[in-house]
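Shared chain: chain A. Partners: chain B in the first complex, chain C in the second.
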Partner chain A sequence: MSIEALVKEFAEVAANPKAQLKKYKDQGKKCIGVMPYFAPEELVAAAGMVPFGMWGSNDKTISQAKEYCATFYCTIAQLDLEMLLDGTLDLLDGVITPTICDTLRPMSQNIRVAMSEKLPCIFLAHPQNRKPAFGLKFTVDQYTHIRKELEKISGAPVTDEAISEAIKVYNKSRAARREFVKLANAHCDVITPIKRSAVLKAAWFMPKTEYTELLTALNAELSALPVCDWKGAKVVTSGIICDNPKLLQIFEDYNIAIAADDVAHESRAFRVDAPESGDPMMALAQQFAEQDFDVLLYDEQSSSNRRGEFVANLVKESGAKGLVLFMQQFCDPEEMEYPSLKKALDDAGIPHIRLGVDQQMRDFGQARTAIQAFADVISL
Partner chain B sequence: MAETEKTTVAATEAAPVKKAPKPASPGTQALRKVVSDVYAAAWTAKEKGEPVGWSSSKFPCEIAEALGLAVVYPENQAAGIAAQHDGERMCQAAEELGFDNDICGYARISLAYASGVETTNESRRVPMPDFVLCCNNICNCMTKWYENIARMHNIPLIMIDVPYNNEVTVSDSQVAYMRAQFDDAIHQMEKIAGRKFDEKKFEQACANANRTAKAWLKVCDYLQYKPAPMSGFDLFNHMADVVTARGKTATAEAFELLATELEEHVKNGTTTAPFPEQYRVMFEGIPCWPDLRALFKPLKANGVNVTAVVYAPAFGFVYDDMDSMARAYCKAPNSVCIEQGVEWREGICRDNKVDGVLVHYNRSCKPWSGYMAEMQRRFTKDLGVPCAGFDGDQADPRNFNQAQYETRVQGLVEAMEETKKLKEARA
Partner chain C sequence: MKTIYTMGIDVGSTASKCIILKDGKEIVAKSLVDVGAGTSGPARAISEVLEAAGMKKEDMDYILATGYGRNSLEGVADHQMSELSCHARGAYFLFPNVHTVIDIGGQDVKVVQIENGVMVNFAMNDKCAAGTGRFLDVMARVLEVKVEDLAKLGAESTKNVPISSTCTVFAESEVISQLSQGSDKRDIINGIHHSVASRVVGLANRLGVRDDVVMTGGVAQNGGVVSALQEALGHTIHTSPLTQYNGALGAALYAYQRASR
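Entry: the complex of A and B
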């Protein structure tokens, strides 16, 4: 398939998760909604079900969720609840609700209450002291709970072998996505910001075997192309999510390419692999323990500014000239880390802009002005 | 959350006082002294070159107490700063550092202070920290807040992580995780203190903390009497003691003294509340410290006494060994599931015989406010009492709208009156 045809496939999936959901249900598969962050999707796959990412929506309005939630919560969490309430996700067979931020804590309760007669909710509380042996043990306990709940839904035991197999499948898919991110940088004339986003977003709505096959084909096509001589600007994106095509269109309008990202919905989700040997449950716990440089996770070395420096390095190594931070409104974890990120970027002489966004944003006039001005700054 | 201040709003300040305020009772005075002593001890330690810690309100204080480490509590400090009307300025100072105005007001005030912005509230000045103690049972904001302080000052952070719990019971898995973290924390804090952990002193601190908790619960229970011998707003003030000095004998003694005073009031049928009680309500959430007067005014005008506050059960940590101590610290207001939260509240609503519930949708506290709408529905359904919510903020006065608050209180009073009439008609 041509690059164009491959990208089109990803874009169709990314733009219409509901149709994807229906497709798998029609094939007789069960599907599990997976809310952010760090849920062990491998277990869902090992249970023979399809994990479905839940990252809000760019074209919905919060209405029924207001019955549960005051206004000062991020739209991602509110729109997840909205889609559960309004029937968009009626075909799901269960939902995993992690609780690693202060919005997701009460949201896990709202969802369980609201869905009590409709959908099994599988609760997940990750530990923050995740690296020591006792932290690993706690993660294993939590994941064991998930495994059991998934078994109830699927009606069959989830074997260790199946988990080991799923780990391999996921590692491969993560490697392919890391590779794609690099190729997208080298071929940013072909893989524009909107396309890049669509390719990465599709991963949340496809079984990983299927996804990786398609992505490997795309990577092969891209590798065969000569590296592009990009004349426009290049940035690194950072934040929770930036998948709105209208917003990304502005990047394209001003010839800004995305060299790499520090985005939860993108690279932060596939930075770390799970070990392929040993006890598979422990391997998944280890994978979580090794997650790092993340606004949501406790940093044992918090007296230094590791995360800020990590992101600043990412900008340098990727050849970008600046960073665009998509700040989700009401997102405490991102907001709390902003001054440290800013400091690291300033120290490294990297310009950045911070764009306040939420998923109900429909007018991008201000963002356009800011991005245009930023493009001028970094092109100097 | 948690914390407080020694501004005696209910009895004195909030009422538009014409005459000089009544002197505080010996119990109240003793409680104030306990808190002042905590602040003074931190300064003394600093002068002697000993390390001073900043601790989140629900970090197990017993450990630092056993190690003889001086510790102050930023949440209490922030509440005090906010109550003395320096919160907005401090919040803005944090915003200038890049912290968004959506962030919890306590965190903003504390981060501004940590960065070197001095407060006008002299009683709440603290020495800069040499280490920080973080327990995120109340929120995850705490984790990043304390990491930021550690980063600003390049100091060690001791982290006790309490994952959110979806069940009423605390699992053995969680207890094991907590216990291991306690051991780790002790180990790290021994290094900071430069002395060995003394089991005997620890047992004493635990005994004190239990005694304080029991005396605190006893004080809270006096709100069950009709009329209540005090205004529930006073409990907000006394929170300062449970937050900053649970592990000290003086705290337990001061609460016990206050309890005898309340006992006396009950016997005599008197009260320290500055108005006759017509309605009794639960106040849900942390009060708006900068606006205590504004909060109190329409309540007083309508004879509404606060006879239940969620803090009461939330700070009564009673335990008898390390495992049950671990379990106790897992049960903070924002770390428990909705069923536990509802059970706590409905328990005190029933015991303290409330006619209604006033819910603070606190812009600062996302974990707290995030399931209040559902809780409100349950209160109405299970208790048959009206509820009213208002928008506010515990520390940033810019998020409180007095006119809206007054309307909501008015609505609540009318609904309570209606319910009362219905009940009387039925009787």
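Entry: the complex of A and C
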């Protein structure tokens, strides 16, 4: 398949998650909604079901969810509940609700109450101290609970062998996505910001074997192209999610390519692999323990601003000239982290802009002005 | 050498402004219509500036659009640029020692850092209208005064009635509450000016403020806001009679740069 055809396939999946859900249900598969962040999707795959990412929506307005949510919940969480209430996600067979931030924690209970008997809700509490032995054990306990709940839904045991196999499948998929991110930078004339987003977003709505096969084909096609001599600007994006095509269109309008990302919905989700040997449950716990440089994760050395430096280095190493931070409205962790990130970027001489966004935004006039002006600044 | 005429059009959210420049140096004509993007304002401003200059659109060597509605002038403008770049350029033309521009327009606030006449960094407000021209419009309506009279009335204040809300809607309630308690309108206006200043100072300090500081945009015509801002920033603020035209001026200067390539 041509690059164009492959990208089109990803874009169709990314733009039509509901149709994608129906497709798998029509195939007789069970599907499990997976909310952000760090849920062990491998367990869902090992249970023979399809994990289905839940990262809000750019096309919906919060209405029914208001009955359950405080107004200061981020729109991602509120729109997840909205889609559970308005029928968009009616075909799901269960939902995993991680609780790693102060919105997701109460939201897990809002969803449980709202869904009542309609949908099994699987609670997941990651440990704050994820690296010590007791943290690893806690994660294993949590994942064991998820495993049991998934077994109830699938009606069959989830074997260690199946989990080990799923880990291999996911590691391969993560590696392919990391490779794609590099290729998208080298071929940013072909993989525009909208296309890049669609390819990465599709991963949340496809079984990873199917996704990786398609992505490997795209990577091979891209590898065969000569590296482009990009004349426009290059930036790194940061934040929780930046998948709105209308917002990304502004990047394209002003010849801004995305060299790399520090986005939870994109690279932060596939930075770390799980060990492929040993106890597979411990391997998954180990994978979570090894996650790092994330706004939401406890950092014993937070006073040294390691994350800020990590992001600054990402900008330098990717060849970008600046960073665009998409700050989700009402996201306390991101807002509290911002001064540290700003300091690291300023110290490294990296220009950046912070754009306040939420998923109900339909007009991007001010973002357009800021992005265009930023392109002027970094093109000096 | 052939004379180069360029036009800068600044289609703001509440006003449309045009400037025609001769050889990137001399202002030939200017126009201002008090309605902006999505209205007849831009077309009227263009007609008026051409009429004032006694010229036709075809006489323009290059037309450059800026402002919130800059993308709506396809077929009229040869190019469009963000108002941040244009305000930096316009302010540098008027004040060659400028290092900080504070532009308060109809619906947003922007702070621009300038080095050698070029924008090197900026900050702008998000969707919130607090501290903008719209904020002053809303307050003037509640107080039943004309927005252009706010500066004069505020100057007659004997004390500052603090308006603490940063949200336009809540601040409006606060003003209504002050009125019902019998506070003097002039003192409330003084409080409103300080409220705008405190909002803008937060944004400016994020970037860092370096002299010379120039204030542009329609709100710069309000001496009450300028002096409250001066007090809060601790820096002298320079303004120009052309303050509202600054974006259009910058656009006309960039147009000249492009036309003379």
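Just so it is clear, the second predicted complex is superposed on the first by the 380 of 380 C-alpha atoms of A that agree within 3 Å, B and C clash if a C-alpha of one lies under 4 Å from a C-alpha of the other, contacts with A are read in each partner's own complex, and residues count from 1 in each chain.
As a convention for this text, a contact is a pair of C-beta atoms (placed from the backbone, for glycine too) under 8 Å apart; a residue touches a chain by one contact, two chains touch by 3 or more.
Because the structure is a prediction, the values reported are computed rather than measured.
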Which holds for A:Phe72: it touches chain B only (first), chain C only (second), both, or neither? first
A:Met107 contacts which: chain B (first), chain C (second), both, neither? first
If we overlay the two complexes on their shared chain A, which of chain B and chain C does A:Gly365 touch? Say first, second, both or neither. second
Check whether A:Phe123 is in contact with chain B, with chain C, with both or with neither, and answer first, second, both or neither. first
Once the structures are superposed on A, label A:Asp376 by its partner contacts, choosing first (chain B), second (chain C), both or neither. second
More residues of chain A are touched by which partner: chain B or chain C? B
Under the definition above, what is the set of chain B residues touching chain A in their complex? 97-100, 102-104, 107, 136, 139-141, 143-148, 150-151, 153-157, 159, 161, 163-166, 171, 173-174, 176-177, 180-181, 184, 334-335, 337-338, 361, 363, 366-367, 369-374, 391
Mind listing the chain C positions that touch chain A in their complex? 68, 71, 81-85, 108, 118-122, 124-127
Can you name the residues of chain A that touch chain C in the complex? 351, 353, 355-356, 361, 365-366, 368-370, 372-374, 376-377, 380
Touching residues (chain side chain A, partner chain B) in the complex: 67-70, 72-73, 99-103, 105-110, 112-113, 123, 125-129, 132-135, 137-138, 141-142, 295, 298-300, 302-305, 327, 329-330, 332-333, 335-340, 342
